[in-house]
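Each chain gets a letter, A, B and C, in the order it is written, and its residues are counted from 1.
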Amino acid sequence: MTQFNRRTMIKIGGAAATLPLLGSRAFAQEKLKVGFVLIGTPDDNGWNHGHDRGRQEMVDAIGADKVETTVVTNVPEGPDSERVFRELAQQGHKLIYATSFGFGDYVHKVAKMFPDVKFEWATGNATAPNVSLYNAKFHEGRSVIGTISGMMTKTNKIAYIGSFPIPEVRMGINAYAIAARKANPNVTVKVVYVDSWFDPAKEADAARALIDQGVDIITQHTDGPAALQVAEERGIVGGFGQGADMSAFAPNAHLTAIIDRWGPHYIKSVQSVLDGTWAEGSVWDGLASGEVEIGPYNAKIPADVVAAAEATKAGIIDGSLHPFAGPIKDNAGAERVAAGDIIDDGEYWAVDWYVEGVEA
Amino acid sequence: MSTELIIAIIITIAGAATPILLAALGELVVEKSGVLNLGVEGMMLIGAVITVAVTLTTGNHLLAVVCAALAASLSSLIFGVLTLTLSANQVATGLALTILGTGFSALFGQPYTGKDVPLLRSPFPPELATDPIWRVLFGYSPLVYFALIMVVVVWWFLQKTRAGLILRAVGENDLSAHSIGYPVIGIRYLAVAFGGAMAGIAGSCFPLFLTPQWVERLTTGRGWIALALVVFAAWRPFRLLAGAYFFGLMMIFEIYAKTNSAFRVLPSEFWAALPYLATVLVLVLISLRREGSTAAPACLGKPFVATG
Amino acid sequence: MQLRLEKRSQPSQLLRVVTPIAAVLLTMVLGAIVFTLLGYDGVGAVREIFISPLVNSYKWQDLAVKAAPLIIIAVGLAISYRANVWNIGAEGQYIIGAVVGTGVGLATNSMTGWWIMPLMMLAGAAGGAAYAAVPAFLRVRFRVNEILTTLMLTYVSVYVLNYLVFGPWKSPTSMGQPQTVMFSADQSLPYIIPGTIVQLNAPIAIVVALVAWLVFSRFVFGFQIRVVGAAPHAARYGGFSADRTVWLALLISGGLAGFAGVLEAMGPFGRLVPQFPTNYGFTAIIVAFLGRLHPIGVILAGLIVALSFVGGEMAQISIKLPFAAVGIFQAMMLFLLLASDLLVRYRLRVVRPGEVPA
């Protein structure tokens, strides 16, 4: 990572004073400076951790002699982020990763001011000549863990603790429920939104209240292992790591994990900047290209369940299985997707309903 | 509802209620002495991070709780020096303490973030603690029992002991307490230190049995709820107990409301906001019952300066 | 007690001005020492947080943007606190101000005209004032402590915001993401210095503080100081004038917080999103005290607190100082200022030299 010393800072300060207020400053340098803007800290065991691991993977692959990185943590998704993006661009970062949806408006504002700096906006929805998008199909992983949950639940009640009802979370729930009910039509999925990406006490309370009601498998789409820890304490069938392997927090309850792997994308995109081939675009890959990984299976999962999970994974990778293949009914009983049809990548964002079997 | 479900719900509520009960008991004593310390959230965070650090380093839960109490109590003395010795504004100083506690715990907790903290489980034999029925009596973390005992202790101290009487006198009329010869400032220091220790133990609840890990802002606003509870309970320990469990019930009720179609007539945000609305409502109801008078200690929040 | 206090016949005006400056300077010295002892680059931290943003002219615009909402809210809080009315829920009034202003904005999104912007601002101020009227009513009618009600209503306001942006106000073109449509050109604050990000809210903040200073130094401030100073019991617990003070204090502080909220929505945010609450309402409490509850002091305090945020980010990028350090610096600043308060009102005499009681 960058370590500025006092002299460097004075150099920057002095240079900036002679520049117009918003001018950019290209350093005479051989290393590519890459900035990562995170909404939390890399040790959250979830989303931010995933991005930071991807960064390390990228630095290892490209080489610390060619690239140096700066990580800015705890950046709120608002005008404060605009300042951070500008600061990074001003300090000579030529590629900046904005790792959360709420940074988007400010990425676009700053990108206009610094046309020679490349920006990449994770989970975003609008590009520009120097703004690209990257995202991962986490819902493909949800199909795999849904298969495991449907086969392993004893009470036929499973649950999903969500952060906010946004498309990624809602479609994660739908993919999970579709796969679980395919494995076991009697399953119902109870959904609780905790109105936060990160409120461990509330996530734990939600997990307890759900287990009290007979739920024996909990999955979550929040950052951190709070729900898994409760699953471990209460000795239910289990739960799943979100974003990273969380088995250290729940050795018995941790069935497997959906692991975010941003490394391959970061390597590709940094290399393209080094080669001068970077271009505006949008990347949305999943299990097939390794952006989404399924972690190791807990030893307590029976072999037939592992086989079914692997079959689901293989089907998604070779394209024979689509997470949102019809027929799909919504939870009010109306048919939304006809047999033989799917919800494609474009329709995905518009879905504002839950599939059959979801109690939300 | 089956008996077992009811028992499970009771245990979950007790867990949610315990940290706010502990912190509120401490603040009750502080306020009874005439001091308003808004730094509860910050002191809880200090207690929580110290608990994690000591538990992960030594593996000793009891030592961790004691250290948490001491550290939070020490931090409350910063508040004490400023408000009692230097008679600074209590509202502002309390807020500054919360800012300090938030910042300190985030900084100090960095090496401990993302590590699994061993749980502090029920002290009773597992046959009792996990039995579907008996666990309603034996299935709690020791801190849950400690909080219940402290309700009785605080009540007994305030109502039945001479020291408690003096403390209340200091909170009701500091000038006359001073003129009789009681060390007003000294007594308030003790109360503030006790409040800090209780807030620290309240902080211990988070890593020890609610969500066994450390992350920044782990207590997510529970300290402020504790402050509201003290008023909610009209400065009475047993009403505080009822209030804390009522609040725990509201927090768990939210989860049930969100997973049951019967509650879908109102948006889920309404159920999430309900505990806070209920607090406001209860504050109004309490004051309605005592029209014209207030149960607050008369000197609450006012600085006392012994001149000369 | 070895420490003897003598009440000054008049609070020292000189010390009232000097102590906040001394508190900031002392924070820098103590901060450098503390962070060095903690194993960080303490001197670098102080340099990055307090000096670098000042010597880099391109950072000044950030200070203006960050300070504007803090100043507007803190001016209102200063008025409220002077009246002994402890509105600590400015964050909620700020949110509701933005919500109500946005409501008007969404209704007029497709229209054009000069009147739209002032209407939104008015709606924001009215929204904030109305939200603060609830604790005012409860305090006056039921004697319910406003510290708790304003705080509880802040939590509620977040859910009101969430309900609207996740539900009825969600933009049809946002691909399911919780955000309103962007405000139109006639609804967005204009940039006042070409080539910078400084919008109209910065000069508005200065005007608000100056107006508050002129108006309230003549009327309300004088009135309140009389009531609170001469008969604190009356001001706190009863009587017509005390009730009026409560109403005035909460409506003004709530209105200004709401005004700041709608300006932030129309300016830097450009639309309403769930991430709108950024604790300006709580941070403004520090600003109000650091500014000695005086509108002019609040301007300077707002800039200093903005400096600590902007500098804190720079320090994170340049010397890897954890962002939590900013909170410690802010708390230290406030502690030192509050500690120095006593010197304004009292003379300290150490009877026995040496030992100072804790």
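Remarks
One rule holds in what follows: a contact is a pair of C-beta atoms (placed from the backbone, for glycine too) under 8 Å apart; a residue touches a chain by one contact, two chains touch by 3 or more.
Note that the structure is predicted; figures quoted are calculated from it, not measured.
Using the average of C-alpha coordinates as each chain's centre, A ends up farthest from chain C. The interface with the largest number of contacting C-beta pairs joins chains B-C. Remark: chain A and chain B have CA centroids separated by 36 Å (rounded to whole angstrom). Taking each chain's centre as the average of its CA atoms, chain B and chain C sit 27 Å apart.
Among the residues of chain A, those in touch with two or more other chains are 74, 195. Under the contact definition stated at the top, the residues of chain B that touch 2 or more other chains are 110, 216, 269, 272.
Multi-chain contact residues of chain C, defined as those touching 2 or more other chains: 159, 162, 166, 322-323.
Only residues 44, 47-48, 52, 55-58, 61-62, 65-66, 159, 162, 166, 174-178, 195-197, 264, 268-271, 273-276, 278, 309-310, 313-314, 316-320, 322-323 of chain C touch chain A when the two sit together in their complex.
Of all the residues in chain C, the ones that touch chain B in their complex are 1, 3-7, 38, 81, 86, 88, 138, 142-145, 147-149, 151-153, 155-156, 159-160, 162-163, 166-167, 237, 282, 285-286, 289, 322-328, 330-332, 334-335, 338-339, 341-342, 346, 357-358.
Across the complex, chain A meets chain C through its residues 1-4, 6, 8-9, 12-13, 16-17, 19-22, 70, 72-80, 82-84, 87-88, 90-91, 101-102, 105, 125, 164-167, 170, 195, 349-352. By the touch rule above, chain B contacts chain A in their complex via residues 5, 8-9, 12, 15-16, 110, 113-114, 116, 119, 206, 210-213, 215-216, 218-220, 222, 251-252, 255-256, 258-261, 268-269, 272.
Listing the residues of chain B that touch chain C in their complex gives 36, 38, 77-78, 81-82, 85-89, 91-93, 95-97, 99-100, 102-104, 106-107, 110, 216, 221, 224, 227-228, 231, 267, 269-270, 272-273, 276-277, 279-280, 283-284, 287-288, 292, 294, 296, 305-308.
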